[in-house]
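What follows is a set of notes on a single structure, which appears directly below.
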Amino acid sequence: MTERRDLAASLATTWFGAELSPHARAAFLDLARVADLPPETEMTREGELTTEFGLVLSGRIALRLVVPGRGRTTILTVEPGDVVGWSAVVQPYRATSTAVTVGAVRALLVEAVALRAALRADDALAASLYPRLLETLARRLQGTRLQLLDLFSGQIEGAW
Amino acid sequence: MSRPRLGVVKFASCDGCQLTLLDLEDELLAITDRVDVVEFPEATSARSKGPYDLLLVEGSVSTPEQAEEIVELRRRSAKLVTIGACATAGGIQALRNVAHHDSWRAAVYPEPAWIESLSTATPIAEHVTVDAELRGCPIAPGQLVEFLTATLVGRRPQLPDEAVCLECKRAGRVCVVVASGEPCLGPVTRTGCGALCPAFARGCYACFGPRESANVAGLRRGLVADGMTAAEVDERFAGFTAMAPAFAATASKAAAAYREGTVAEPTTDRVEVDDARR
Amino acid sequence: MHGGEGRGTGSGGGTAPAPTVERDFDIGQLTRVEGEGSLRLRLRDGKVVDARLAIFEAPRYFEQLVVGRQPDDVLDIVARICGICPVAYQMSAVHAFEAAFGVTIDPVVRSLRRLLYCGEWIESHALHVTLLHAPDFLGVESGIALAAIDRGAVERGLALKKTGNHIVALLGGRPIHPVSVRVGGFSRAPRVSELAVLKPALDLAVEQSLAMVDWVAAFPTPAYDVEPARLVALKHATDYPMNEGRIVSSDGIDIANTDWSTTFRESQVEGSNALQSHTLDGRPYLVGPASRITLAGEQLHPLAAEALQRTGLAGEIRTNPFRSIVARAIELVHAAAEARDIVGDYRPPAEAHVAWQARPGTGGWATEAPRGLIFHEYRVDERGRVAWARIVPPTSQNQAAIEAALIGFAPGVLELPEPEAHVRIEQLVRSYDPCISCATHFLDVTVEHEPPGPTR
Amino acid sequence: MTPSASMTSTAGSAAITTPSAAEPAFLERHDLDALIGALQAGDRRVIGPTVRDGAVILDEITTAAELPAGVRETQAPGRYRLEEGRKGRTFDFTVGPMSPKRWTFPARVPIGTARREAAGTTFTAATPDAPPLAFLGVRACELAALDVQDRVLLRGPVADQDYAARRRSAIVVAIECTTAASTCFCASMGTGPEVRDGADLVLTETQAGFVVRVGSDRGTRLLEGLPVRPATEAERDEASVGVAEARSAVRANVGVATTGLPVRLEAALDHSRWAEVAERCLTCGNCTLVCPTCFCTSVEQVSDLDGVESTTQRAWDSCFSAGFAAVAGGTFRSRPQDRYRQWLTHKFSTWVEQFGTFGCVGCGRCVTWCPVGIDVREELAVIAPPPRPSLPILSIPAPVPADGAWLRSARILGSHRETSDTVTLTMAWIDAPHPRPGQFVMVGLPSFPAAPISVSRVHDTSIELTIRAAGPATAALTALPTGSEIGLRGPLGRGWPVDRMYGRDVVIVAGGIGLAPLRPLIDTIVDDRLQFGAVRIFLGARTPRDRLFTSELSAWTEAGLLVDETVDRAGADWLGRVGVVTHLFDHSERIPEGTIAAVCGPERMMEATADVLRSRGLTDDRILITLERHMDCGVGLCGHCQLGRFFVCRDGPVFSLAELGDTFGREGR
């Protein structure tokens, strides 16, 4: 019970959790389990079904893509408060990158099928959770665009 | 540092741009002290298949073997630089690109079958990657020196892409459009010649091709407003950089007009095929 | 055609001559000539049975490019046939149009046009003598190499060339493709002060060209015992031939310079795709400095005549093509001296150009390019635009004569070691200062594709 | 004495007595040669109007016969034609294509030379070659133009030595207009046709000759040597009537409504007309080069084949060329409409804020000499209709005056490679003021254009420059061995306002090489830690290998600074953060009220950062950025780096977003 209260507290400290309605927070916790993941744990694999939706409480997770010739490239790290495995609730439910823990990670994990069922059944949960999810994806899209510009690249036309 | 190996070659052209190198009377020997001229058929019997550190290419590609050869030359050149309107825009002969090439060939040759030439004369950059362009018909000696100097020193050459008008005004010339109603392409033409046509009381005829953001439509409207017919204006563009992208559409109109107005009589009407030598 | 191996040799090539063997003797690419050409001699039993000066410049269709254009545009266009002698093209064309339209130009404009031509002669001759031809006599591969053994001579040549270029630039804005020649005169005539700056340079140029005469007259010169070519040049009552005069020949031709077409013709030959000129009877002839000096020598500037006298080579210039380098040096003296006179007497014309009216008709005109007689003929339609054009440059007129000379001269040197034979034969070709860019506005490279060996 | 001081004692307005004070004299027409002769005293060249190539131009004249007697012109948008003027009149025309600017601010002048030898590299500033000149027949609008250029080139924070010398030596003989062209609008710009001050002598033409007024002591001395007599009442009347006729003619012309114009233009930056003008405008630059006040220039390198000796010269340039707006960060005015807007808003809006006067004197040259006849009066009427109260001129803190306009030789004491393409040079720095955090220096090599480089650390007798090989010049700089000499000029520009940060929380955000100009600020904070509140440093780099000053991060942390860093992409071996620098804010607790942010990096990165900072409650006056990439020559006069009312190299490179307003991140400004 105390553990659950701690969980609720730590969930509330994340920007993702803080914005959830009390009902949604509770419903989410009903589904979630706390997981302590050792370093180098592979949480999702690019192209494969995403089995769990996660919310990082502590530690860091690297999202990686394999580029032939370049090997595994980290394109983003997920920090406390961020979501990992959003593809669990977006068709076709396949991971868009390989998520690997960097060092020890504590995260709230929700089984994908159960979460999808809950979101279908509980409109209030959906109404509160989806906007957070959209915000997460929007931030990532914005960041990706800036990365796309490769602003720090070396050669600038007409540079000194 | 070791002396760079320089090559100078030509395709379809008048030789004027490579001659510009020999016309650098004051700098020529200083330059040849600093580079190895390993290939320059017009100037030396010493020949080299390369590799070249710097290859200056004059002329446009207008025969099938030229199209193959330029690819080979590119392979052998660290830096390939095109010199002149033919190499950078196709030159005056590129007007054939919008003419009936076969009829031209038939008009010029009593035995067209003997003649092998492409229906187009195209700039080098349409065939291979070009590292730099010296514009002009012919190129400007000053720009050639600046380019060679910058290359030897290792800095970026100063080859402005601004309008002729700026140099014209710096030189204190009176605008021929405004003061005498002369059609002048200076406002849409790239600088480099020193604005010499206005200095000789005539309008610029675009030897250096289009400048950056050339407002051809705007100039066209302006000259028509000054009393020229659209056809007369278009004709100004049908010159030595006619097929440069920014000019091509306008120049083609004029070229088409020439075709229609052509009196159908081939040049070779008085040229017999000499059987004595067959 | 770029980057042949070592010296300019191509396929075939000479091993020791075997009896009843037919072989080709090729010079892959002629170097130190303007434009791109090659030479093939066909030998049978060591005898030269055929010589082909082939040209692999791409066709540029100038006769078609000028069709539909107005006369002043044509002056800009034909200049682009050749970057070495653009003035020659502008001069023949502008006079052809003026003949067609009955335009009379201001006498000052007439002398300015001579001055312009002097500039081009100086620039072209200085280039050829110093950088293109002299290396043959002194056994080096280029003017650049020549500078290593005789920098002074090269610098003198370049200084002369610069003065020639300076004249053209002063009258036309730039040495290559000048912009001021217009039907009726010039777009703008120079101020007295502008021309005056030439005086010191021209004083020097006269001295330099005189020194150059002595230099080239002393060159070791190959013997040449081939039947001398028939010579054709312009001849004018008072002036050394440039823009005016009648077309005369060493064997009695004497016609107006508008009437080239009545006496000469062009023909195309398979194999060597050059359009060649002959007289109507099919015989070759030679134009150029040697022809001018031989046929119009008495109009040479006194300083040039005196220099010619000093060399005592007037006769050899007529008979030995290798002496053409001396002829060019003499003409350098003439051009520098006449230019100095014109600049000295200059007073601006009332009008830079007279008004003119285009009218339908045909106009032809021959002038004297540095390389020799150049004839232009234009038919103008009722719109005042070109309907048809003929352009006959010096080199295509000389081609038949050059080939004839090679047939006569080659046997004497083909027994030499090949590299040396090459030098001698190329040296002979160069002595005609062929401008292949000019000859080539309607030539192509098919000769390059012919299988070696007999073709018929 | 300083050039500006010497100015006021000669052509500057201060020393010039008002003409009415002196008794007008009369000069017979046939005595013009006497005037010219008097002006020629002391090998002085006389520059006056004369006819050439179908126009009245300015050139050296030696006799009155060369003046355009009996000639007048018709001028209209895009059209100029000479015609016959009133019999016997010598100055019956108005202004031609040239103005005295051609001589006071020539199209090309050398700035300095550089020489590289074994002994070392020497930089020598060019000494102005200013032959004594006299301008004959200067019009009222041209006098006004000279005054405008004085304000820009002499009385601003940066004085142009070459201009000062030429201006100082020039005698000005004005002629009042008694006729006006259709393109004249001096009256609406308040510059003419009457000549008020700025001339040594003022002539007004009458049928018989000229009424002469004295405008300066030098004018008085000149007059003494001339065959003049007191002007009669009738002559004075005839003269004033002539000028009055000119005035009514100008008044009849279309003019410019100047009241509140700067504000109206500033408010019209998004007007659809800009794009419409661009259809007609050829961006040929003629308007700017015939303009008597335009002062924009570019530098050109003239170097020998070995790059041993090189001369740098300054040449007229125009804001209508794309290349003009090419700074290290790229070309920022690629669209023709941006260039026309830049020119018009500068002339009639930002110029006022910069120099306290319009950049236009109403001479009409830009109207006549536009090949397609675009008329500023027309465009202004459409783009900036009726008046509103004027915008207060922004007061810009005086920048550190440049130590002359040319480079000094300085030795490289050490060279340290930071990353594969970035090197830190330690430069000897003696007898020069210590750069403040955020200031920059101009760095030059013989035959290369000088580049603005931010100072990345300051020591007692040396400074550090962290340079990334992004182009040929910087590549050459990063390749130099210890001991070689390069040219330096500075410190230049306005740095970080450290005093504003005392006692406050500070957020420092750096992207890539952008950390270099921020490091001196960080150094100051570390040295004086207690003076500042909480300090966060957010660092972004392209890859782990591109991170700068990595060895110093621990020291900063130990000093109590919170350092977070991230890279755009990394291999699997990188355990740190990956993502853009703005993501770092997602995981930091809220930024306290009153925090000041200092940001440096590529423009788009700074924009993104600014957005996040605003979303965290920071106001624009607390968000400071440096536009160090948006600079060219660093002299403060060439105009390339102009952003609205600012020259970045002179007024910046550090700005608050409040100062920049919507010029920051606006396309084409």
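Letters A, B, C and D mark the chains as written, and numbering starts fresh at 1 in each.
Methods note: contacts are C-beta pairs under 8 Å (C-beta built on N, C-alpha and C of every residue); 3 or more make two chains touch, one makes a residue touch a chain.
Bear in mind that the values here come from a model prediction, so they are computed numbers and not experimental data.
Removing subunit D from consideration leaves the other chains in the touching groups A | B, C. Each step here moves to a touching chain, and the least such steps from subunit A to subunit B number 2. Distance from each chain's C-alpha mean to the overall C-alpha mean is smallest for B. Subunit C has its Cα centroid 82 Å from the Cα centroid of subunit A. One finds 55 Å separating the Cα centroids of subunit C and subunit D.
Subunit A and subunit D have Cα centroids separated by 52 Å. Here the spacing of subunit B and subunit D, counted between their Cα centres, is 37 Å. In subunit D, the residues touching two or more other chains are 449, 471-473.
Judged by the touch criterion defined above, the protein chains link up one after another in an open path, with no loop closing it. Put simply, subunit A touches subunit D in their complex at residues 15, 60, 62-64, 71-77, 79-82, 102-103, 139, 142-143, 146-147, 149-160. Subunit D makes touch with subunit B in their complex at residues 52-55, 57, 78-81, 97-98, 102, 107-108, 279-286, 289-290, 300-301, 303-307, 315-318, 320-324, 334, 336, 368-373, 447-449, 471-473, 476. By the touch criterion given at the top, residues 7, 9-17, 19-20, 22-23, 25-26, 28-29, 32, 37, 39-50, 59, 62-63, 65-66, 69, 73, 76, 91-93, 95-96, 99, 104-105, 107-111, 114-117, 121, 137-138, 193, 196-197, 199-202, 205, 207, 235, 239-240, 257-259, 261-263, 265, 267-268, 270-274, 276-278 of subunit B touch subunit C in their complex.
Looking at the complex, you find that subunit B touches subunit D at residues 27, 30-31, 34, 148-150, 152-156, 158, 160-163, 165-166, 169-175, 177-180, 184, 186-188, 201, 212-213, 215, 217-219, 221-222, 225-226.
Chain contact summary for the complex, subunit D toward subunit A: residues 326-331, 421, 449, 451, 468-474, 511-513, 540-542, 546, 566, 568-572, 574-580, 582-583, 586-587, 601-602, 604-605, 608.
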